[in-house]
Structures are given as structure tokens and as C-alpha cells.
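Right after this note come the structures.
The following pair of complexes shares a single chain, chain A, combined with chain B in the former and chain C in the latter.
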Partner chain A sequence: MSNPILQVENLQICVRKKPGVLILRGVSFHVNAGETLAIVGESGCGKSMTSLAIMGLLPDAVEKLSGTIRFKGRELPITDNRAMRKVRAAEIGMVFQEPMAALDPLYPVGKQVLEVIEEHEKLPRAMAWARVIDLLTKVDLPNPETLAWSYPHKLSGGQLQRVVIAMALACNPDVLIADEPTTALDVTVQAQIMRLLKRLQRDTGVAIVLITHNLGLVAHTADRVMVMYAGNKAEEAPTRDLFLNPRHPYTRGLLDATPNPERASAQGGVLREIPGTVPSIADPMPGCRFAPRCPNASDLCHARFPDPTYEGAHGYACHHPVTDARV
Partner chain B sequence: MTNPLLRIDDLHVSFRVGKEMIHPVRGISLHLNRGETLALVGESGCGKTTLARTILGLQAPSSGVIEYDGNDIAGLDRFQLKRFRPHIQCVFQDPFSSLNPRKRVEQLIREPLDIHQIGDKSTRLKRAHQMMERVGLPIDWGRRFPHEFSGGQRQRIGIARALVMQPDLLICDEPVSALDVSIQAQIINLLWELKRDMGLSYLFISHDLMLVETFADRVAMMYKGEIVETGPARQVWSNPQHEFTRRMIDAIPVPDVTRPTPPAFRIDAE
Partner chain C sequence: MKPIRRRFPWAFLAKRVAYGALAMLAIAIINFFLLKLAPGDAAEALAGQAGTADPAYIAQLRAQFGLDQPLLSQLWAFLVRLATLDLGYSYVFNERVSVLIFSRMPATLMLMGAAIVIAVIGGIVFGVTAARYANRWPDRVISFVALLLYGTPPYWIGLMMILIFAVTLGWTPTSGMENVLAFNTGWDRVADIAHHLILPALAQSIFYLAIYIRLVRAGMLEVLSLDFIRVARAKGISERRLSYRHALRNAVLPLVTVVGTNVGNFLGGAVLTETVFSWPGVGRLMFDAMFQRDLNLLLSILVLSSFFVILANLIVDLLYAVINPTVELK
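So, the complex of A and B:
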């Protein structure tokens, strides 16, 4: 299946007025209609910056150096805030990590969903309100008519995230970006929210970009995965392929470092760690940024950044890819 | 059963929040053997942090027994408590808010020794430096401030600060949940080595079932202020007796594509 609805090409983002300090170092990827793409990586790898760039919400401290973002074939005017207001929610919706921070504590939650609808569509108030209630029903909130008048502090974390999802889907976007949507929630609530997202996807055909560091979530909810490291795309592959046959040593390290009791006994009861830390974004290293931590690294890795290699849908940027499959 | 290091019997804790009385710990009994890692697992608001605070003497129990090495510690006055505190230390969840940003790292690690007036100044500094080395921090970073360190390194500072008192029991309250996976593995391995080398016992508070099974000897499942189930992790997971344990296990996404998707994630099951 290849029907890209969102295409990001060679996106470079740097600290404002410091083109040498790159946060995204030329990232390219696409999202197909109706699929779930997971973007995985650790803090500072650029996964959140990628999503903010797509939404045109880059913080003032950074700027786009180069690259294009295309939605349904046309380029998104990500630096033009007024133009982007028409895109947000209507075409690309977003769910944030902290539902409490995404909602205004001074307005009833229903009003906040209403605001999204009225921003994009001219509808009589009564019809718009009926849609709010319908949306709150669709995200499985109990007693939506009453709950719509509740203030955020009266709702639990899981309920708030459902409201945020209702807001994100209020205008039937084609793409939903979910940036760590369940990180602040308990595991049982996390499962409910992920199931809700999958069901809404089945019913509306919305494509989901799931940004997360939780590999367990990825294994059971994503169609494809992109792994990022220090501002670069390290690897991308269909989910099953990535877990069973990772080619980039970083992906392999990440999978092996994740607690998994089934594999633990073979590792002697402790976790396999990736030594060292992520390099500073100001560090002008010419080669692969994972090289200092990599078991396979050679002089070539320190000298030159590897070009991406593709084997079908499976791509990776590495001079010395992992060859043995995980068992 | 041999004499446990920590024994808690029918512990209740309640306190006032505004006009309401809340009752976060409702009759908990558990024991922790010497050299053991006991994981306390539960969802937010189940009372696990309150239980930890009560064991540390930061919160007074309303009734019940807390025995440490056979001695009752629930009823200590503040002088006795101060003398007792070196035995149980704590590593906190957030390595950013738990370190005073205005103190240098070697000062932070030395501080517990200063408070308890152990040794002279140069001995304390030497002990702080030894601890830094033990947790994998270069000694010449001792003059730096916490903001100059990454999350994982700060958690090492927190561990050094807790262990400088040479406690027997370390309470770890979600020590790695704020860290990235690769760094989490480094810290867990460090805790594992320290336990082996220093003969420590851990009360390990977590909500990560996969991590707990890898790291802990036994788990205690906590739900709404009560311990609903205890036992070795593998045994509890494979044959959960309580509804809460079952619900939690069904919701864990195992990072393995060859395993079936857990029931709580499946939309065809609705």
C-alpha cells in the first residue's frame, strides 16, 4: 500500500540564527492514508519537533532551515500562522501528552470542543453543540450532556485525554498526530485510550502518527515504525520486520534494553544497556551520531554519515548494519 | 520465616485534605527479607507513595506496626527518628526536582553526612568522592551543579546521596520512570550491582510490570490502599488471583510482535 497523504522531505530544523546547531538533520518520511506510523526515539531525538513542524507550531527559539512538508500533494505553509490555522484540526489534528495542559481550566470542556468546530465551520450554534455531544459520545464519555458542562479539574486524566481526542477529531481530519498520548496515564487507561484511537481510525479512516518511546505500544498498535536518533532517521520498517529483524544497531540496542522477562533469563537477569549518552546537538560530528555508542562502529562511521539503504519497505542509515535476527 | 528486615502489620494512614479525610493506606501487612527486592506495583493514587513516606517516617501512621529489624519504628519521637534515618534511604522519581540546584554535586552527596555529623569535613568529602566513583560519576565533576548533568547522571547523584549513609534498605520510588529506555537500563543495572556488592534490600515502587518481573524477587500488588496479592512476579502474572492484577496484566503491551496483542488493546473484542 502506498498512498502517501503526508510527505516530509529533508526537513532540517536548527536553533534560530545558528544553522550549525541542528535539531532535525534532514528527515524524510511519509504517512499513508489510514495507516498508523509510529515515530520512536528517546528524549531529544527530534520526534516531538517533527510533529510540531508539521502542525506549524515550532517554538520561537528554532527555525526551519530547509525541507518541505506536503499534505495531499500541496506544500504546507508551516511558517504562516494564519494559513496554518485552517489546516490544524480541519486537516491534521493533534493530541498532546499532558491532557491537563492542553485544555483551558477556565472553560467547560464542551465549550472547548465547540470552539474548534466554530473556528472551522459556519454552523448554527444548536447544530454545532449537537456535534459536540455526538463527539463526546463517540469517545465513550459517560453522560455527555452533563459532562460537556464540567470543568477540566472535575475529570480524570483518561477522561481529559478523551476530550482532547474529541477536539482533535472534531472536524474530521485526515491525519491525527498523537504525541505521547498515554505517557501520563495508568496502563489500564492507556489501553483504553489506544483502543479508542484504533476504533476511531477503523470508523473514520484517519491516519495516525503515534509519537512514543514505548516499544510495547508500538508492537501492538503501529503498521510501520520510524526510529529516530539525535535528529536523524535511523531506520524505518513495517512493525513486524523492525522488531524481528532490526538492521540499525541503535534499534537493536533499544529493543534489547527494553525490559522483557521472556528474554531476561538469557541476559542473566539484568538489562542490556546502551553505553554512553546522546551527543549534544551543538556537537559538529561529521559521521554517524550513534557511532560513539555503537558496537559496530568503524573509522568510516566517525568520518561520514551513512546514506540510507532500502530493502523494499525496510530502510536504514548504517555502514555496518546488524545481520543476525532477534530470536 | 526468618526475621524479616522490614515487617508491616495492619498499617493504616489517613490525613485531612481540606475538609475531607482521606485514607490512602487501609490495613497493609507485608514483609521484606534481608537482601530481597520487593516491588510495590499499583496505579496512580493507590497509596504506594504514601506507604513509602510512612516507612521513611515522613508521614505518621494512624495505626499499625512498622518493625525494622525487630524494632518498632512507627512510634519514634523526632530525636529517635533522626538517629534511625540512616538505615532507610530513598531515591526519588524526578531527578530534576529532587536535587537542590544551588548546591554542587559533591556538596549534595556529602550533605547527609554533614547533617548526621559523621567524620570530619575531609573524611566526608572523601566518602562523597568514593560514592561518586561507585555510581559511575567522574570525581572531577564534583564541583559542577545539577543542571550540568543529564537525567540519568542526576539519578546517579540521587543514588550516591542515598547510599553515602550506608543504609540497609533503599526505597526506590519510580527511580527510572522519568528516564529513556537505554538510560533506564544503565540505572537498573547499577542498582542491581550495588545491591549485590553492598548487600542492600530494595523496596522498589513501580508501575512497569515488565521491569518489575525482570528486577524484583517478589511483587506486592497494591489497589485502593490495600495489598491485594503478593508473590514472585512470574507466579503472580501467570495465575493472578485478584481482578485488579488481571486487568493490569491484560493491559500490558509486551514489546514483542510474536506475542498476541493483549485483550485490552483489541478492537475486535469489543
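So, the complex of A and C:
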């Protein structure tokens, strides 16, 4: 953690005008320059809300309650739309989940990439257009000169996601937030897109925040992983460490719930699920929000939220961490 | 950078022209029989005006107008005249039908065009504003006024506008298309006609303005909630550019369709507006022809109106494909 480029400290997001209904309950993490941080968690745990907060794109229905988001040491004015416009795409790019819906159906895809460059840089038209073609080439799109004039409905999901990635990287941002970039795509295309992202990262040094619930994807691409549960950070560790030695029972549950033919026999051929459901965001639980579903939970867990414990780069928030390594 | 040009859809155009011609033929035939169902004819109307009911005189008029022929041969004669673009002679107005219509047509087209332009531009500006301030006071004011205008009869609005703006305030003339006694020429005449045009064009546009505001507002709200708008926001684009370049162009597609289908209504509405404002257009000519039982003139106007409606719809379809690249005309 030598060179944090993006630092989120104690971020709390609540439903607008209802400070008791928290979506993010004080999340802190950092992203180092050039690394890939994966944020993992099930639907509704706040991972997308975290990324939207960094972009200053929080929906009208929610608001920031407290906390700071620092980019290169200075605080991002995430409630100031005008100021954030200069940050978006220029310094922090974002790739969304649904490539089929991510582009305006009425403009050629090249024009939509051009729009980013023209918004942030004063370049002659021809030079900006040359950059568009160059970007489309870099994301491995065939015949970029022709394809740039195609309309979105003529492209496949994978091709569209490549265009969206080209758009997000058009102005060489330092951080790229990829919010479930492959969820809507075919499995084979998923692998291609992830390989592309990693290659672009090597070439440009962009840090990637990968938001996903696909643990297989995380194992192959992330340097570090942050596991979120119900608006809290549950665990944070270098990828290998997390997969081999998960300390939080939730992480352990997630990993055990991932289908894996090699491990299937060790678990007696049964895929273990985590019992119960995620608590409502309006539920004012004083203790650990995972306690009702946790096999290790004690009275202490229900009474008090655990402070984060760090063992080197490996941190977790749990009173009774898991100690045995996974098979 | 050079865009790839799309080829002009000639095949589509040819097909639509053929369909349009068939539609016009059907309209001509149906209207012919419909109007023949109405009691009375031009001969009786003229005889009535002359103050005589002499059967011999009426019979002579009928023979002169061709009204004594069997129905089907009258229809055939009418269709042949249409096909040769010779619309015949109006015995009621003592003038060739084509001359009558084409002397009135510019006034109606001008009124219609102005009304459509006002309704479309106003609909877009107010609709976009309402959507951008959804559920805040600018939206509430615009939506309320639009509802009010939507529910008010257009002729009543016309009469009230004359009363307020022409009679009480004296800002505009009460009726007519120009001040003929002023013998204006050049730009003076244009300004004079524009001055006369304001009230009738506004009166005719108001109902459609209300519809278009609501249509654009709803369309904008729907489009603004779509994913690509959020993606565009993440690109750092300004809200104004987002509204007009991305959201509006998508939201305006249904408006284009509706305006196309409304062209016919605008022509129909011209009868009322032209009567209220004494506008010398085809609408009033149609009204007079109806009362004089001038079947030939009336049919000619109806067929010509259908031509304009069909033409307008064809243009709208071509335009739609230009605005929306996902549409392919076949």
C-alpha cells in the first residue's frame, strides 16, 4: 500500500433525508496506482453504490452522510456535479454492466467515443478522430474505421463493451471502475473482455476497481480483494491470501458456495450455501450484520460491531475469525 | 473522418407512392358515394339562390352540370377528370376548380405550417423544460397549463383571443389575412400577413401544443432514466448537452410519428379556424362548397387534402429513418 491513488474513508451513504437507513455503513479502502482491487459481495451489499459515489453519480434517492473520497490526495467534490464533470472520464473512467444499453442508439459508436475526447481535451477534430480509431484498434475491434460509423444496434454485446471500455479510457484516466463489466456477456466473451482489461492495464498503468460477484473472475484478475456485506467491509486481503486463508466467516461461506469440482468430494459432494438472507438496510442492528447467518456467532457479535483487525495487508471485521485454512 | 452514407430507399418510396395512389382512389370513391347520400344538389342550391323552383330550370341545370347522368357514369367522369388532373368547373363559383383551390391553398398551407411549427417548437421547449424540472414548480406550472389548454375547445380559445388581443388590447387585427386597402408590397406585405397570422396560427396550434408538451415530457422522463444517459453522465458531459443531444433526440421520435398523423387533423381544424378568423383558405372554401352542394369542388378539395396527408406521412416516415438509424425502410 505504498502509493494510494484513491482513498475512501468512512463513507456512509443513506436514503435521502433518512439518516437511519444506511446503504453504506462506513466503508474505508484504498486503491494503489496500477493495481486491480476487486470489490466482491452479493446484490445490495453496496458495491455499486460505492462506485457511483466515487463518480459523483449517486441516484437522487440517496445521499452521502459522512466520509471522504480522496483522489491523488485531494478530496473529490462528489456532490458538485459541475466540478465532478472534469473528473469523470478524464481522471476516473467507468464501465457499466449492460453494454447493450450503455450507448445512445442514435449515434455511431465512434462519435460517442469522440464525445468524451471533445468534452475534456481541446484537440482538432481530425486528431481527436485519429485517437478514436486508435482506441478502437486497441480494444481489438475489427475494421475500426468502418466500425466507428456503425450504430450500436449493429454490434454484439462483446463489441459494445469494447466500445464502452474505449470510451472509459479515451482520456487516459488513472482509475477505471468496472462495475460488473462481464455479467451480461457470454462466458467466452467474459474471458476475452477481462484479458483485454488486464492488457490495457499493463499498457497504460491504469488502476482498476473491479466490482463483481464472480469469484472466479477475481481469482484470475485482482491483486487485492475487498469483501463487502450489507454495507460494511467484511474482509480485505491480497487475492491469494483471501482465497487460501479467509478469516471472515462470510468470505468463507462465499468461497464454499462456489462450485468447484476438485473440492466437491472434500465437502462430501455438497455445495454449501449460506443460510438466511441479508438484513434490511432499515434494520438498526447494533452488532455484526452477518451474525444472524453466522455459524460462529456469539452474544458479543449481536451486541457490538467488531473493529477491523489487521494482520499485515489482511484485514477483517470479525470477533471470531475462521482459523482453519481451506482445502 | 467520413460517415458511411446510407442509400436512399427508392424501393420503399416506389411502394409507398403506389399505396398512396390506391388510397387516394379509395378516398375519392368513398367520398363520392358519401356525398351523394346527402340530400340536395348544386342545381337545387343554385335555383334556390335564384329564387325559383321551376322544375324545368332545375332539370336544365342538372343536364348542364352532368347531374342527370347515372351515378356510376358520374363517378367515372369524376375519376377520369382526377386522373387527367383536370378538376373541372365550379358552376357555383363560376370558376375553374383548380384555380379556386390553388388560389386558396397557400393561405391554408401557411396557416397550417405556422400552427405546426408553433406546436412542435413550443412542445419541445416546454416539454424538455418540464422534464428537466420534473415535479418541481416549472414542471407543475407547464403541466397544469398544458392540461388546461388540452381541455379547452379550440374555437372558444380563438374567440377569446380575438376578444382579448384584437378587440381589447388592439395588438392584432381581428380577422382576415392582410390589409388589402393598404396595398402593401414586398416586406411590408410579409410583415402585414405575419401580423394577421399570429392569432389564427396560435389558436389552431394550442390544442396540439398541449399534446406535444405532454408527449415530450413523458418521453424525456423515460429516456433520462435509461442506462446510456448514466453512461453519458459518467463521460463528464454537461446536463444541457445530455438533455438536448442524447435525451431529446430519442424522446422526439414518438413526436415525429404523432405530428405526421396530425397533419390531417390540422387540415380539418382549418375549417373551424378559418371560419372564426375569416382566413381566406381552403377550409372556408370547403365549408362554402358544402353549403352550396358543389359536389365537384368539395370532392376535389377532399381528394387534394388526402394527397397532402399522404404526402406528409411519407415525408414523416423518411424523416423518421433519418433521425432513427435503427429503422430500415423496406
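Basically, the second predicted complex is superposed on the first by the 326 of 327 C-alpha atoms of A that agree within 3 Å, B and C clash if a C-alpha of one lies under 4 Å from a C-alpha of the other, contacts with A are read in each partner's own complex, and residues count from 1 in each chain.
Everything below uses one rule, namely that a contact is a pair of C-beta atoms (placed from the backbone, for glycine too) under 8 Å apart; a residue touches a chain by one contact, two chains touch by 3 or more.
Just so it is clear, the structure is predicted and the values come from calculations on it, not from any experiment.
*Asks:* Look at A:L103 in the shared chain and tell me whether it touches chain B only, chain C only, both, or neither; answer first, second, both or neither.
*Replies:* In the superposition, A:L103 touches chain C alone.
*Asks:* Please indicate which partner A:E119 is in contact with in the superposed arrangement: first for chain B, second for chain C, both, or neither.
*Replies:* So A:E119 only meets chain C here.
*Asks:* Quick check for you: in the superposed arrangement, does A:K64 touch first (chain B), second (chain C), both or neither?
*Replies:* In the superposition, A:K64 touches no partner, neither chain B nor chain C.
*Asks:* Does the superposition put A:T221 against chain B (first), chain C (second), both, or neither?
*Replies:* Only chain B; A:T221 stays clear of chain C.
*Asks:* Check whether A:R195 is in contact with chain B, with chain C, with both or with neither, and answer first, second, both or neither.
*Replies:* first
*Asks:* State whether A:R85 touches chain B only (first), chain C only (second), both chains, or neither.
*Replies:* A:R85: touches chain C, not chain B.
*Asks:* Identify the partner contact of A:V270: answer first if only chain B is touched, second if only chain C is, both if each is, neither if none is.
*Replies:* Only chain B is touched by A:V270; chain C is not.
*Asks:* Touching A:M55 in the superposition: chain B (first), chain C (second), both, neither?
*Replies:* Second partner only, chain C.
*Asks:* Which residues form the common part of the chain A surface touched by chain B and by chain C?
*Replies:* Chain A residues touching both partners: none found.
*Asks:* Taking the touch rule as given, give the residues of chain B at its contact with chain A in the complex, in rising order.
*Replies:* By the definition above, chain B touches chain A via 43-44, 150-153, 180-186, 188-189, 192, 207-211, 213-215, 233-234, 247-248, 250-259, 261-262, 264-267, 270.
*Asks:* In their shared complex, at which residues does chain A touch chain C?
*Replies:* Within the complex, chain A touches chain C at residues 55, 57, 81, 84-90, 93-94, 96, 98, 101-106, 108, 110, 115-116, 119-120, 125-126, 129, 146, 148-149, 151, 153, 164, 167-168.
*Asks:* Write out the stretch or stretches of chain A touching chain B in their complex.
*Replies:* By the definition above, chain A touches chain B via 42-43, 157, 186-188, 190-192, 194-195, 198-199, 202, 213-221, 239-240, 243-244, 253-255, 257-262, 264, 269-275, 277.
*Asks:* For the complex, which residues does chain C have touching chain A?
*Replies:* Its residues touching chain A are 1, 3-4, 226-228, 230-239, 246, 249-250, 323-326.
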